[in-house]
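Structures are listed in the sections that come next.
Two complexes are shown next, each including chain A; its partner changes from chain B in the first to chain C in the second.
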Partner chain A sequence: MIRHIVLALIISVVSNISGYGQVYFTKNGHISFFSKTILENINADNNQVISVLNTQTGLLQFSLLNNAFHFPKAKMEEDFNEDYMESSKYPKSTFKGTIENIDNIDFTKDGTWNVKVNGDLMIHGITKNVTVPGKINVKNGTIAAQAAFKILIKDYNIKIPSIVSNKISESIDVMVECSYQKR
Partner chain B sequence: MGRKYKRYVLLALAVVVVTGVTIGYRLWNKPHEDIKDASAIKINAIALYNTLANDSLYKSTTFINKVVEVSGKVKQVSENQQKQKVILLETNVSDGSVNCTMEENVKSVKAGDSILLKGICMGYVGGDKNIGLPGDVFLIRCYHSF
Partner chain C sequence: MPYIKLLLLVILFNFFSEKIIAQDSTNLMTQLEHETEKNKTVYAVATFKTSRIVDGQSSENLPKHVLDVRISHRFGPLSSGVYNFFGLDNATMRLGFDYGITNNFMLGIGHSTYQKTYDAFFKIKLLRQSTGAVNMPVSVSFVPVIADNTLKQFDSGKTNFNDRISMVYQLLIARKFSENLALQIMPTYIHADKISFNHIKQNIFAIGIGGRHRISKRVNINAEYYYQLPDDKAPGSHNVFSFGVDIGTGGHVFQLHFTNSAGLTEKSFISETTGQWGESDVMFGFNISRVFQLGKKRN
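This part shows the complex of A and B:
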């Protein structure tokens, strides 16, 4: 009887550990965006993205601090935080979703797989369901994820002052690149 | 008289326009804050982490967006996607760090070192409770301070 309990305990512990083995994370992922304007191109980088990937279930999460986006120009950064993103009111942006075709990926082999990710993207306090294409790359056991997609600023209720509204593009190119380590 | 008056008005207008454009240009191109020489709030990594990790409503205005000088013990040195050095400072939460992205290219820093880093404090991002991953406090544009 005791032997059975011990065995059951061992199995549950081991399966828990192996469950953990399917989870990968980074705390320094990179998300950047780009917007072409008549006057000047606007781009910013955030290298402080926390992302968690479960290779078994396909669950994929991202979360970042809006104020950590770094722009080439100080004024752009100031305008972004104060006027557009309102970073003190909406400090974080998040994504929570799943890789739809996770079963197609063989994480034990080197290679690149095209994936489709569906989930909830929250920016500026507004949550939208999005589906975006991405890539998963496996090399020597290291997993990396990449994605590039467009978002419309009006979808997230980001107001652009009318004096510059005709100079700022309606859509923003977002780029994601993360390299994961095992949890 | 009329012609002279007109000339003054045009001159005044030109001065206003040139001044306006110059101010606008300067404002648009003003440099980023110089972190290296900025005055900073001094704190140790453990205290900073605990303060911000327990501030889920982002009420703390003491540190966020401020230049801080953090003392701590280096847990790990790595490189991010943009080849900047990232130094993790130990806290009293295992796997929870003060995560410092360097603007300066440091070479000699290694795990176990006691260090003083100066940078802008961005705040705390939570990890994932389901897998027991704690979050980090993030500092960007960091410099090695002495």
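This part shows the complex of A and C:
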């Protein structure tokens, strides 16, 4: 019996060893957003996005600290953290989902694949299920992911006072750019 | 049938290792998140809405390359009645320009109609309240203010420059306790000028306490009180107490308040306030602050 257990362990470790090589991550992914109105254009960048991609299961996760978004005007950054995102109450925004057509991607070959990612996006303490189109690019063994989508402020219960409502768009363009390294 | 047993065991182990692989990404995620949070210092921002509590300085600095144009008005006493339109007929005002050289160092100049005073100051942040990698319970700033009373004197013997100049040195020790509450204490040393007031001592120690309570996203209640040491206090001078609201509109901050001081520079309102709350000398006032980003902000 002992012999069988040892043998079974060896077999399953060997047959799964490839699985451990399938996790890719980044600590300095880039997420930016853009709000456009007639009165004011607002853009912000976050270059400290954490993301983990499992190329075997298609599991894709993002996490960022809201106060790591930087704005061109200091006042905007303060208002974003204090009044809209309430960063001390909701420090993080996260996404956890899967690349639906992960099996179509050959990570051993150079190329670009269109993907569809479905999962839970959490902003301002509110979680919504979203499906977002994106691109996976493989070049010389490095994996890069890109996506662009829109979110509605009201979906995440972010309240904009009427006095500034004409300076902040109801729909925000979000751009994601991450380049991954192997674990 | 030993091979069946072996096969079952392999399937069982495989089942768990699949779980482990799936877990692996999530664990890595958690681990990375912890690392980032641990290495990041989170500074307390917006301890106060603007660089003044009411009359006096708050621990808030202007960010780099931001110009703040400030207009402060104090009207006459409310008790002066309908004839003076409850004080609105006699106003004193200060026009000031503040500018952030860096995020921790700002300069300001101003002119008030009260005793035709010119003033200039700088404010430097010595400590910043933070949590995370660096843990600091309070913010501390240092502010020296120089003021020149240029009001013409009737006995012309008193108008040389040294007699007109006053200096005020303040430490601002502030703590943001929660999203809604911030308090500040201000040990203050004043070297008064010789012509503005009948001081018994030229050097006056005072301690101020101020605070901010947020009542909505855009509206705060602010209050401020300066206590002069009784031995230093000039006869006829009273401690200043002011309170009011400030309303932010993104770019503009309006501060509306009630105070017993007509003076708008530190030396005047801390050590030369003649009004008394008990004696219906209370007056209405407002500050308007408008900020302009002049250069590009880079961290």
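FYI, the second predicted complex is superposed on the first by the 165 of 183 C-alpha atoms of A that agree within 3 Å, B and C clash if a C-alpha of one lies under 4 Å from a C-alpha of the other, contacts with A are read in each partner's own complex, and residues count from 1 in each chain.
The working rule: contacts are C-beta pairs under 8 Å (C-beta built on N, C-alpha and C of every residue); 3 or more make two chains touch, one makes a residue touch a chain.
Please read these numbers as outputs of a predicted model, since none were measured by experiment.
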{"item": "Chain B versus chain C as contact partner of A:48, first or second or both or neither", "value": "both"}
{"item": "Partner chain in contact with A:28 - chain B first, chain C second, else both or neither", "value": "first"}
{"item": "Touched partner set for A:70, first chain B, second chain C, both or neither", "value": "both"}
{"item": "First (chain B), second (chain C), both or neither touched by A:57", "value": "second"}
{"item": "Per-residue contact with chain A, leading partner among chain C and chain B", "value": "C"}
{"item": "Which of chain B and chain C A:83 touches, first, second, both or neither", "value": "second"}
{"item": "First, second, both or neither for A:109, with chain B first and chain C second", "value": "neither"}
{"item": "Those residues of chain A which chain B touches in one complex and chain C touches in the other", "value": "20, 23, 25, 27, 48, 50, 52, 61, 63, 65, 67-68, 70, 73-75, 88, 92, 183"}
{"item": "Residue numbers on chain A that touch chain B, as the complex places them", "value": "20, 23, 25, 27-30, 45, 47-48, 50, 52, 61, 63-65, 67-68, 70, 73-75, 77, 88, 91-92, 177-179, 183"}
{"item": "In the complex, chain C residues that touch chain A", "value": "2, 5-6, 9-10, 12-14, 17-18, 21-22, 24-26, 28-29, 32-33, 35-37, 40, 42, 45-46, 63-64, 66, 179, 217-218, 249-251, 291, 293, 296-297, 299"}
{"item": "Residue ranges of chain B touching chain A (in the complex, touch as defined)", "value": "27-33, 58, 64-65, 78, 80-82, 84, 86, 97, 99, 101, 122-123, 125-128, 131, 133, 135-136, 138, 140-141"}
{"item": "Footprint of chain C on chain A - complex, ascending", "value": "1, 4-5, 7-9, 11-13, 15-16, 19-20, 22-23, 25, 27, 48, 50, 52-54, 56-57, 59, 61, 63, 65, 67-68, 70-75, 78-79, 81-83, 86, 88-89, 92, 159, 161, 163-164, 167, 183"}
